[in-house]
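By letter and in written order, the chains are A, B, C and D; residue numbering begins at 1 in each of them.
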Amino acid sequence: MFRCMLAVILVAFGAAARAEDSIRIGLTDPMSGAFAQTGQQNSQQAQYLLDSINSKGGALGRTFELVTYDNKLQPSEALIALQSMVDHNIPFVWSNAGSNVAAALIDGVEKHNARDPDHRVLYFTAGSTAPELTNEKCSFWFFRFVPTTEQFAEMLVRALPPEVKKVYLLNPDYLYGQAMQRDSTKFLAQYRPDVQAAGNELIPVGKVKDFSSYIAKIKASGAQALITGNFGPDLSLLIKAGTEAGLDVSYYTVWAGTGGTPTAIGPAGNSRVFALQAFNDNMADEQGDAALKDLVTRFRATHDYDFDAGSWRAMFELLQAAIQKAGSTDPAKVAQVLEGMTSRDMLGHEWAMRAEDHQVLMPYYVSVFTKDVKYDSEHTGLGWKVIKTYEGKDLALPTTCKMKRPAT
Amino acid sequence: MTPALALRDVHKSFGATRIIQGVSLEIRRGERHAIIGPNGAGKTTLFNLISGRLPVSSGVIALNGRPIQNRSPQKIRRLGLTRSFQIISFFHRLSVLDNLRCALLWPLGYRVAFWRLLDRERRLNQAAEEWLERLALTARRDVQAGALSYAEQRALEIGLTVAGGAEVVLLDEPTAGMDRGEADRTTALIREITQGKTLVMVEHDMNVVFGLADRISVLVYGHLIASGAPGDVRGDPAVQEAYLGAEAA
Amino acid sequence: MELLLVSVLNGLLYGMLLFMLASGLTLIFSIMGVLNFAHASLYMLGAYFAYEISRRVGFWVALVIAPLLCGLLGALIETYGLRKAHRHGHVAELLFTFGLAFIVEKLVLMVWGPTAVPYRVPPELDFTLFSVYGTHVSAYRGFILLISAAMFAAIWLLLTRTRMGFVIQASLSHPDMVASLGHNVPRVFTTVFAGGAALAGLAGVIGGNYLVTEPAMAFSMGPIVFVVVVFGGLGSLAGCFIASLIMGFVQTFAVVLDISPADLLARLGVAVTPATPLAEVLRVPLPRIGPFLPFLLMVFMLLVRPRGLLGTRDT
Amino acid sequence: MSGATIRRRGGARRTWWGSWAWFSALGLAVLLPWIIFDWRHGRHDGFAVALLTQTAIMSVFALSYNMLSGQSGLLSFGHAVFLGLPAYVTIHVMNAIAAGHLWIPEELLPLVGGISGLLFAALFGYPTTRQRATAFAMITFGIGELVTAAATMFQGFFGGEGGVTADRALNTSLLGLSYEPAIEVYYLALAWTVIAVVLMRLLARTPLGRMAEACRDNHERVRFLGYDPHGIRFCQFALSGFFAGIAGALYAMTYEIVTYDAVGATLSGNALFMTFIGGVGVFWGPIVGAVLVVIMQSWVGLVSNAWQIYVGVLFIAMVMYAPGGLAGLIVLHGPVWQEGRIQALLLSYARVALPGLLAVLGFVALVELGSSVMLGEHEKGAVRLFGGALDPASPWLWGGGAALLLIGGSIARRQGRALAARWALIAEGTSAG
């Protein structure tokens, strides 16, 4: 991290004629403030994966280099970070946290590439899931390597076991949660007409301290399962209040696997909490691949947290293959090649970059929080075990994207 | 002729405690009137009622025949009555000049004008400079008011009250805490700058009171026990007993 | 009916939890006239201290030691920080506590990391006390109720029945008089601030494992506690108590009552269609804005009655 | 509060160095993009231009905040509302212009923000300014919370999480500029900053500005001079909203996107930090604060993840030891400097500065070590500090940092007292006392 930052400074002062032979990826995420750890762990995991790719030769005989920029989770700061990357001629811009940041960057990159065609950049995300980013706001210069919340809603609905007849929907009250609510309802009607939505709730983000009243309401509704897009404290407080009041439901969540939540939920969540995941530490052992096992074992040996970003390896491999095929790091050429490209990840599942909206179709998993695993999560004694696997092509949804491709 | 200020059966209670109990008083135009009385008699409360700082419990207060009780201080000020404070109460972080300009702004009709520059307003500045002169503060013009000496602060406090040109002026212990010489100078100042105005003052210093006042009222525990020319009041046995007598003993 | 009963219970419990936090803040304000922005930070520190102590020694030790540590910290803050800032007036004091809250959050982030720590309810209290229509009420919630009620009683008695209480109250109104009677007013202030900090710490010990112990807990709890104290009337313990309960009930019942302004208008015969101006706002049901109702109530209260519910002086 | 003394002094007779400082600051702002020029690629340094623009916007914002906090004694905890809402209005207006529904010259867009800021501030301000002191602070705090909540909940106006975007290339420029290059926007922002600064400077010298200060010092006495303090606070609040609105419009034009962050608590807190670090008692104090805070979060943020701690500590230090802020400290030295007695102080300063620097060094070392441990830097076995790779697990490093902090701090403290005594001695002879 510090090395990267120092590198940035060196560039900033033009002190060293930087070897332009490495392929630089500019990662902008929150590196300070309340979300700093997420940003830092993201960059460390990315570095770990890139090291492994570099050890096999990188692309075009050059290695990948990660340069990080703090955006404080603020769109304005992200745009300043973008400026900085442009100054340093970094061709690939990458961000994860915050759909507000992603929306600003898509717009910013689109305008920058139009205004300064000599220094264009390609932007991709592996964390921003708002559907609009590959629909209304889609851009030729933007690629998304993570499913959308619409797909999340579909995955959760399809994961409901047949005996569940009543579900309760509870989501955060902003664009994302409102979309989760709308899409869950839509997919319930489509896949499970036998299931009744017993309740439908939107809650302000981070404002509810005592979820008991919500639990009382859920209990009164007679729901057997809860579908929620909540995250962070809003999720852990909900599950804590529920288990404490003896609420007998299964929690179908999007984010229970993310940093800190397993700790906060604790043993009370055993076999009750389900989460959507792109990767977890136990997959290698369950699905058996020597190289992957080695990757996970080495990671666990050197890091003190969950290897939840393992799926990014497939993303980097796609990028690597695209650069290789384009024969250059020119963003326009790479973007052209990346459209429609496919590859297989280390578990043998297919990844495809859909050309019409630049939305990846990647495998995704539903896992349960259980004691019955090899690697536990955050020293809780419980870990994540896959119960359902979706193939990318099963998750393909129609898009409204009208892609504007550059003339050249 | 209507009196400049008239109080009719004014009462004020805080909860069960009755502070002012049926005070009636008429103050003629151009008169200098002193209100005296022992501590806790309700003199400052009476000023607070007249100037609109506190609402009355009952009774009428009339300024030039118009009832003003329970109106806001600024309304009363605009009708021509203003007051000073016992505890010095000006704008500590503004310069002496600015303090005086603040007092002159409303009377000169500036209101909240945010399109005029103070330094360019000749009429305002001339008036302010004149007041500096009269208060003998010209040399201290640009000093922060909070940094003035005590006597200077007192002078400014009086100047701030009188500068706006109100016809009826209430002064609350203008010479409090001064030595003889300072008190005399202040008395002279008050006499000079309230020329032609109606003056009502609360004062403990009997030299000042008898030196300035045309008439005196004596307030004891919320009751007005005497009112009249200095000589008459001095001779009033009730006053002797309740106030002067107590002090003499 | 059963929902109503459960909601009353929930409202009461949440209100008492709020009161635990708000009482310390009110105490400090009523004596020192300082609105302590760092109060929720001390609450957070109480939770983290309790976590560290309870995983080494046990919860019951933490219950005693952690508030004492917070009290000590409070005394240090008052002596070396607040007193200096006080020379520059109340605004400086307010800003000082504001800056302090900011730094404490960053320090906690640095020491314990940004994610939640596994601070859990002690096993002795981790059972169901009783059930209302199938909804379990855990022993720990009963414990919270007990502690907060005891806290209310203790503060009340301390202020009205003891010599120290009289000195404290007199220091507020006549500091010079109290000083001339031989009491050390700065020490009284330090004691009160430390006491308030200890109360916040106690709330942290108890609230930290009931809720979640993480660096954002101060920032997310602080505003609502402020709202309670300001709404109840700055400096009034009784007002603070009533306001805590009101806020507890308001938030609980807002969740249960599923109505929106549009529904009310419909009852009056006015139909809200998407074409109606502000349709988006009018169609918001009560549960969605439940957590913001306290802010709304506070703003209205201050506009109408700046001294709050039972306050003795203007805010 | 001696800052105010000097300010009035300057108001009465302008000192030559006062206007000289203003013009050189302006000159620097105009020239900086050309000084920091990327000659290798023959283009402007985008990062530097972005920071300069941000500084300009934040200066206007902080100054508008100081119209409340410094001039009127009103502490607001929700000032971002009056930057954010006008920014939303401006971005909608930009879209309307692009769609051909409206025609407004691009150069006058900040006026759109300003007027909408004025209206919003008048709307919220009328009830709010009935109160002052703590009640005012708490109401603005509540309004800030409520508006932020609305911005995330309602998508019609606020655009949801992704916010509202626009393209600033509107083709309505009076000067024939496209405003595509960031540098053109910077100069537009700078021009409006100059306009706003001049207007606010003049405003402080009008009857309203002076009465606002009077209200701050003694809101009750103002009533006995015929004024309604509510009216004065209201006008001042509304006008402060006007200038915050100009900043908001510039924000919208610079970033071409407005999200709920623009009305949020972070920005409101920043206004407070900038203003009080820079100094409330001196007109240009908030500008100093804005420059410093932008530098801290961007440049210091580049090398340290703990920049927020530094901002916080600086803020507390200012509140406790220099309530006049940095500008207050500078102004305090004016008379001493003019009377040529500054040399007498230099040695005392050096005596404080040297151990003080050591203490700062120790503090920075501790913070950086802590932050690197938390973020898992140590997994790589080393933390970069002061240009060398160090092992954060080493107790020597921690001990050394703590020792530097403690020893340096205590020496600086003792020397500080000596300095204060010496200062008092010298100031007695000058008008600074």
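By our rule, a residue touches a chain if its C-beta (ideal position, glycine included) is under 8 Å from a C-beta of that chain, and two chains touch if they have at least 3 such contacts.
Note that this is a predicted model, so its numbers are computed, not measured.
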item	value
Where chain A and chain D overlap in contact partners, by chain label	C
Chain occupying the middle, per Cα centroid	D
Chain whose average C-alpha position is farthest from chain B's own	A
Chain A and chain B: spacing of chain centres that average the CA atoms, whole Å	73
Length of the line joining the C-alpha centres of chain B and chain C, rounded to whole Å	47
Chain A and chain C: spacing of chain centres that average the CA atoms, whole Å	36
Geometric centre distance via CA averages, chain D-chain C, whole Å	31
Touching two or more other chains - residue numbers and ranges from chain A	33, 36-37, 173, 204, 207
Shared-contact residues (touching 2 or more other chains) in chain B	none
Numbers and ranges of chain D residues touching at least 2 other chains	149, 153, 155, 306, 308, 374
Inter-chain touch pairs (all)	A-C, A-D, B-D, C-D
Contacting residues of chain D [partner chain B, same complex]	1, 4-5, 8-9, 11-12, 202-203, 205-211, 213-214, 216-218, 220-228, 231-232, 235, 239
Interfacial residue positions of chain D with respect to chain C in the complex	73, 75, 127-128, 130-131, 133-135, 137-139, 141-143, 145-146, 149, 153-156, 269, 272, 276, 306, 308-309, 312-313, 315-316, 319-321, 323, 367, 370-371, 374
Residues of chain D touching chain A in the complex	38, 40-41, 45-47, 49-51, 54, 149, 152-153, 155, 160-163, 165, 167, 169, 180-182, 251, 254-257, 259-262, 266, 297-298, 301-308, 372, 374-377, 379-380, 383-384
Chain C to chain D touching residues, read off their complex	35, 81, 84-85, 88-92, 94-96, 98-100, 102-103, 106-107, 109-111, 113, 223, 226-227, 230, 234, 280-281, 284, 288-289, 292, 295-296, 298-299, 302-303, 306, 314-315
Interfacial residue positions of chain A with respect to chain C in the complex	33-38, 173, 201-204, 206-210, 212-217, 219-220, 233, 236-237, 240, 244-247, 259-261, 263-264, 266, 378-380
